[in-house]
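Some structures are shown below for you to check.
There are two complexes below, and they share subunit A, which is joined by subunit B in the first and by subunit C in the second.
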Partner chain A sequence: MWKYEKKLQYPVKVSTCNPTLAKYLMEQYGGADGELAAALRYLNQRYTIPEKVIGLLTDIGTEEFAHLEMIATMIYKLTKDATPQQLRDAGLSEHYASHDSALYYENAAGVPFTAAYIQAKGDPIADLYEDIAAEEKARATYQWLIDLSDDPDLNDSLRFLREREVVHSQRFREAVEILKEERDRKKIF
Partner chain B sequence: MAKTMPIEYYQQLEEIQTADFVLVELVLYLDTHPTDAQAIEQYNQYAQYSKQLKRTFESQFGPLELGSINQIPDYWQWNRSPWPWEV
Partner chain C sequence: MKTNPKTFTKRKSYVPFHGPCDPCPPIGRKYYSTPPNLYVGFQPPNLPQFPPEEALKCGTLWPTFYDFYENPYKKGAGRGHG
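So, the complex of A and B:
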């Protein structure tokens, strides 16, 4: 089961209402390399991965939900005071027509989230390499978002999230080594 | 809906976020280094410290998680603002 904590993992502040930035951030909300895809990918892989890696997938998958909440908070804060005209200027009129100012699991181009973004191969090395690639793609996306953003408060939170991708990638690389070591040991005996 | 809370709310919350971040980092590290006794000791230390900070915060601002004591006998504080995205 899961337990909700009534706090963000890291503070999220935004300087001004900025629906254009919110639109870009949707890439990390419902996009292919976003936080929802990450959380669902890792938590789903747990059931068929060797025992030594289950804890890591559980804990990183859980942290991704905390990141999803941070992204949601950013989008919420950047759009909550926006007028329909401001949303239209930001290219969000199609979003507004269907969702008003509600959040929706879609990418920056408005494409809805799909489970086709994630894989579950059942092969531990294949799954972990996908996880490493996912973290590196998410890190790159955060870099592009920071480059696009001119909001210093928002960038502080985005930098935190970018660093987390680096740490997760590192831990997944260690998991690969642990599994390789275990496999080689089995061959010897 | 954006709520302005007293300064202690933000200060105490940030201390909790800092302590819990140490815990998250140690948890992931220990998941791949399960025999590092020094890291386990640090984890236990920070787990206790985080609990202390949360008890102080919750006595003023209500429960951070289900399972914490609701300290006002006649009002259910959990359902009360602010939620994390509102501050």
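So, the complex of A and C:
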């Protein structure tokens, strides 16, 4: 069961009309290391992982949906007033041909989202290591997006999202430590 | 943190090899992030915290984990790291 708060996790402001950025942002919307993949990966792994870390996967998986909503807002703002010609100039003509300016789960190159992006090995360590890798890859993607964008307001929101990836990676690393149960071993020996 | 606080950086760099037959001018330095979560291990108790408003803006409650990112290839962006 979820409760929905009708507000964004962090404000999204876009100050320059640059639909090309929408194309790049789609990497975090429907890409392999995007927010949708992250949310589905973590929430799915909850069922076959030791009880101690289920809550963490629920919390982070839920937050990823809040991030997905922020990315959707950015893409929507950047494309909602764009003419077909502007979308074509932004490299979004193929998208327009199929979707108009509707959002769709695909990556920056237009490849549709697939469940094959997500693993569920059933081994707690293997799954958490994948989660750590996913967070670092998402952090890197945000860096490349910030490098490509010269919109200061958009970058402000992207920096917030990048920081959340850093914190999530930290928490998954701690989850591994919990499952290793070696934390206090030094005191015993 | 086990690292030396005097030499700790959140960004490292290296210079990729550039050969005489490479078609493009050299990029010079390549930069990569090494964010704080790589160094902390299990978070110790009682770390200093940001005030709530600042924490909401930063995306973390703890200054230890805060890592501002700027395009390292932008002119005037913090060169000299790592």
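In this section, the second predicted complex is superposed on the first by the 181 of 189 C-alpha atoms of A that agree within 3 Å, B and C clash if a C-alpha of one lies under 4 Å from a C-alpha of the other, contacts with A are read in each partner's own complex, and residues count from 1 in each chain.
The rule we apply is simple: a contact is a pair of C-beta atoms (placed from the backbone, for glycine too) under 8 Å apart; a residue touches a chain by one contact, two chains touch by 3 or more.
Because the structure is a prediction, the values reported are computed rather than measured.
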Next on the checklist: Output check: A:Asp59 vs subunit B and subunit C. Expected answer is one of first, second, both, neither. What do you get?
Outcome noted: first
Checklist entry - If you stack the two complexes on chain A, which partner ends up touching A:Asp147: first (subunit B), second (subunit C), both, or neither? => result second
Checklist entry - Touch check for A:Ser169: first (subunit B), second (subunit C), both, or neither? => result second
Checklist entry - In the superposed arrangement, which partner chain does A:Tyr10 touch: subunit B (first), subunit C (second), both, or neither? => result both
Checklist entry - Which chain makes contact with more of the residues of subunit A, subunit B or else subunit C? => result B
Item to check | Touching partner for A:Lys77 - first (subunit B), second (subunit C), both, neither | outcome: first
Checklist outcome for this item: After superposition on chain A, the subunit A residues reached by both subunit B and subunit C are 10, 167, 174
Item to check | Of subunit A, residues touching subunit C in the complex | outcome: 10, 139-140, 142-143, 146-147, 159-164, 166-167, 169-170, 173-174, 177, 183
Item to check | Interfacial residue positions of subunit C with respect to subunit A in the complex | outcome: 33, 35-37, 40-43, 56-60, 65-74
Checklist entry - Residues of subunit A touching subunit B in their complex? => result 3-12, 55-56, 59-60, 63, 69, 72-73, 76-77, 80, 167-168, 171, 174-175, 178
Item to check | Contacting residues of subunit B [partner subunit A, same complex] | outcome: 1-2, 13-14, 16-17, 20-21, 24-25, 27-29, 31-33, 63-67, 78, 83-85
